[in-house]
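Heads up, the next two complexes both have chain A, just with different partners, chain B and then chain C.
Showing the complex of A and B:
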């Protein structure tokens, strides 16, 4: 149980809003496609803030321009990993960007255990900090 | 090529005083080279001085000239070292028949060899070094510059840049949110960190020291850094997000700034901050340090309005933006349009474009007089700060776009239900507005309704909108563009 207002990991563009409906997800997909961005679906059982590389549910869909097709991929990922964090990521290949342009969570575990802050006291009043993902106390594949 | 107006040989170098125009600083048929540095000044001539003589005087005094003729010029390739005023236009709506005395836009070209690479100090020592006090001009303002690619390539540019900053922060597709800790002065380190923790946990991405928070009797810098980093890490754990606090390392010496920056790094801070008043060379040094230490570098533009605000004298803020992007900062305060500080919408957009574009075309309506190729220099994130609140979210997004840090200081800390509630209100307002815009809704017109709908399920947003519903700052801007749809002929 996390202690922030929504009891949830707040990564991504829309974590302060109610969970997105399929209609809302599709609208965001259309926006990205309209900009010429490629969409990708990624999932993880370790949402540590610096865990950059979530698992790819297939490669980015560079050639898929049909929002319904992309939603189908998202739902297929949700079906396979119902208790994982799943995010939709958009990539721009435009010079000067060439990076991620959108990222929003579309699935999350029922219970989000969150993170602990480990403080290591060092010289003087100085502290070394480690953010610990409680989910990773369990082995891979058994976390949620 | 010497112009017709220039005297030649023996006659040119006869001891005495001759007009700048005749010394070779006025060359209306000059052909601009790709490698030239170009500058455009707004000139208000003294009574009785011709505009083109004024322009030539500015060109002369910002390059090789002195007040009298010197024979030693003839030992050099002096023709090349002379800056050339090549165009003068009357500023629209000035001069006879208007309420304002005549002003002129004067264009000047400088050969690249006039400048040392990688030195804002050297560039500015020429361009704004001596000329602003010259008697021939009543007032003078540097409006815009074109930096050639060859010269740009000698600069590091932003230590991190917008793209990498977003990758490090794992935040995409929306403006970042920040706030300045308030009150600016008087909080102890422990109390100060409380504000940081509450706002970050509530949903902001960044908290910030103010420009004059350095190391004072009420809070020495080490205390601030220690407590703020505890707050940052605790908030990060509570939300699962990367968070930061701009640690202001501004101090009296470079040695002290480096020491403070090192301490911030040792505590795991992702971002440090400096003030514009530390000076151009100190800024470049901190940018090099930041690049070397994986640190985002925030710049507060403290002091800029002393010379950027008045339309007839000083320099435009867009030139500061240009220099600071070259100097290598990652963030710079660049206006809000709707907040408490100066800002005409198009002028502000011009500053933002200057910081973010890879290539900027001429756009007179934004005050951009030169085309600028940015030569792959990183982008610098504009920061909007000062008197903005959640109720303006649709306007902020409309004017400022996605690549900006929106800083709601009072708009977070002043929330009636507390700092966390203030942060939640801002973040919710932002997310709901981004979603609506992406869905294709007309946020400019529907914005207030979109916020009101979200306030039905988000209590903190409801309370915030109630508190700030009537707060606006509608003053006329002192600095606005003099849009010239078609160029006037040279005088």
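Showing the complex of A and C:
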């Protein structure tokens, strides 16, 4: 995280690459649909890497055949939350898997302030370290 | 149609292009031929489908010369009496449009009012959108579409569904084709009160009623697909049956024919079961005899089979 130039949050797939274009996103959705996974769109404004449960934007989309429907949902989420993190999540219902199999960011805030290192002195000379996003100093909804 | 079909190559102005080759490549002729074979009658419908197919093919050729034009709107409205083949044609339409590359997946999502309109405030929009998302890349078939608009109840949520549909029909023209279907008079009223819908639906196709001869032809086709056949007498009896049935109320064209055939099959099974000679051949099993058809109450009482029985006559 610290060595990541430009403070870009790197979570999920493709996050070290430049942002995906809509054509690339469509291709990835197509791949997921081909596997029979259910896709959904999620958003958050808390970029902490341990923040795994993002807000759902609408219900997961089952039984879709074509990526256009999901792209439409992504775009309406972008319109509603232009400065939030938005990701596409693919869920596999295959027995034994039954969890998220794909997840990638499709929208990020224009300016990502990044993370600071927080040191905590505890018993004796022990130090505890954690990271803290500068963005979360502000209340929810006003962070970016 | 995606622009990637002919990447980068633009043909010179005088390059001859072969419409026949394009037709063969798209396999659309096969679907059209099948349409001719499987669907009896329906002249105006077939003509219109041919026209649409031709337009899309020519459009593909024009793309080769980089002659761009607006994607044609292909939203359709099928009107006609019950049992005239609206749903069947809609299914074929999805296939044809897929072969021509107009829709990407070529599946048909068939819905009615219940699937689009919600039960409480705020329920309709997500419900309609979900259906639309499912239909993307294919054809959305809305049966009995006039039920969407209920003018007598101004708080009806149908109007909301129509609004969302209109928006998608305009903005996502490349993603899905909407086909509305319903009875002629009611659909006319529906379009009259929703002028926005009327202008967005480019093709209004009217399905004519079948003639008696066409219905007999359809009956034989239906039987053939189920591995049955008429005996010569039965065929004569059935053509009489059709004549009589057409005059009665609630006549639903091919659907009535199908129901009549189903009942004839029941009677045939019963006859074979009751017959003394229990050693049957294949011919016995596949043949419907005249008596299977003549036992219908249409002949005996001049009434529908589905009507409640009267006490006096029992078959």
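Going forward, the second predicted complex is superposed on the first by the 136 of 144 C-alpha atoms of A that agree within 3 Å, B and C clash if a C-alpha of one lies under 4 Å from a C-alpha of the other, contacts with A are read in each partner's own complex, and residues count from 1 in each chain.
Just so it is clear, a residue touches a chain if its C-beta (ideal position, glycine included) is under 8 Å from a C-beta of that chain, and two chains touch if they have at least 3 such contacts.
Predicted model only: the values in this text are computed from it and were never measured.
Once the complexes are laid over each other on chain A, chain B and chain C both fit without any clash. Judged by the touch definition given at the top, the superposed model places A:97 against chain B, while chain C stays out of reach.
When both complexes are overlaid on chain A, the residue A:68 reaches chain C alone and has no touch with chain B.
In the superposition on chain A, contact of A:137 is made with neither chain B nor chain C. Looking at the shared chain after the overlay, A:125 reaches chain B, while chain C stays out of its contact range. With both structures placed on the common chain, the touch criterion links A:31 to chain B but leaves chain C unconnected.
The partner of chain A that touches more of its residues, comparing chain B with chain C, is B.
When both complexes are overlaid on chain A, the residue A:49 reaches chain B alone and has no touch with chain C.
Here the apex is the CA centre of chain A, and the angle it makes with the centres of chain B and chain C after alignment on chain A is 100°, in steps of 10.
Of the two partner chains placed by the overlay, neither chain B nor chain C lies in contact with A:19.
Judged by the touch definition given at the top, the superposed model places A:58 against chain C, while chain B stays out of reach.
Between chain B and chain C in the chain A overlay, the least Cα distance found is 15 Å.
Touching chain A in their complex are the following residues of chain C: 104-105, 107, 126, 130, 132-134, 136-138, 172, 174-176.
Those residues of chain B that touch chain A in the shared complex are 163, 166-167, 170, 172-174, 201-203, 222, 226, 229-230, 233-234, 236-242, 266-268, 358, 379, 420, 424, 427-428, 431-432, 434-435, 438-440, 454, 457-458, 460. Residues 58-59, 61, 63-70, 72-73 of chain A are the ones that touch chain C when the two sit in their complex.
Here chain A touches chain B in the complex through residues 2-5, 9-11, 13-18, 24, 27-28, 31, 47-50, 52, 89-90, 95-104, 114-117, 119, 125-129, 131-132, going by the rule given at the top.
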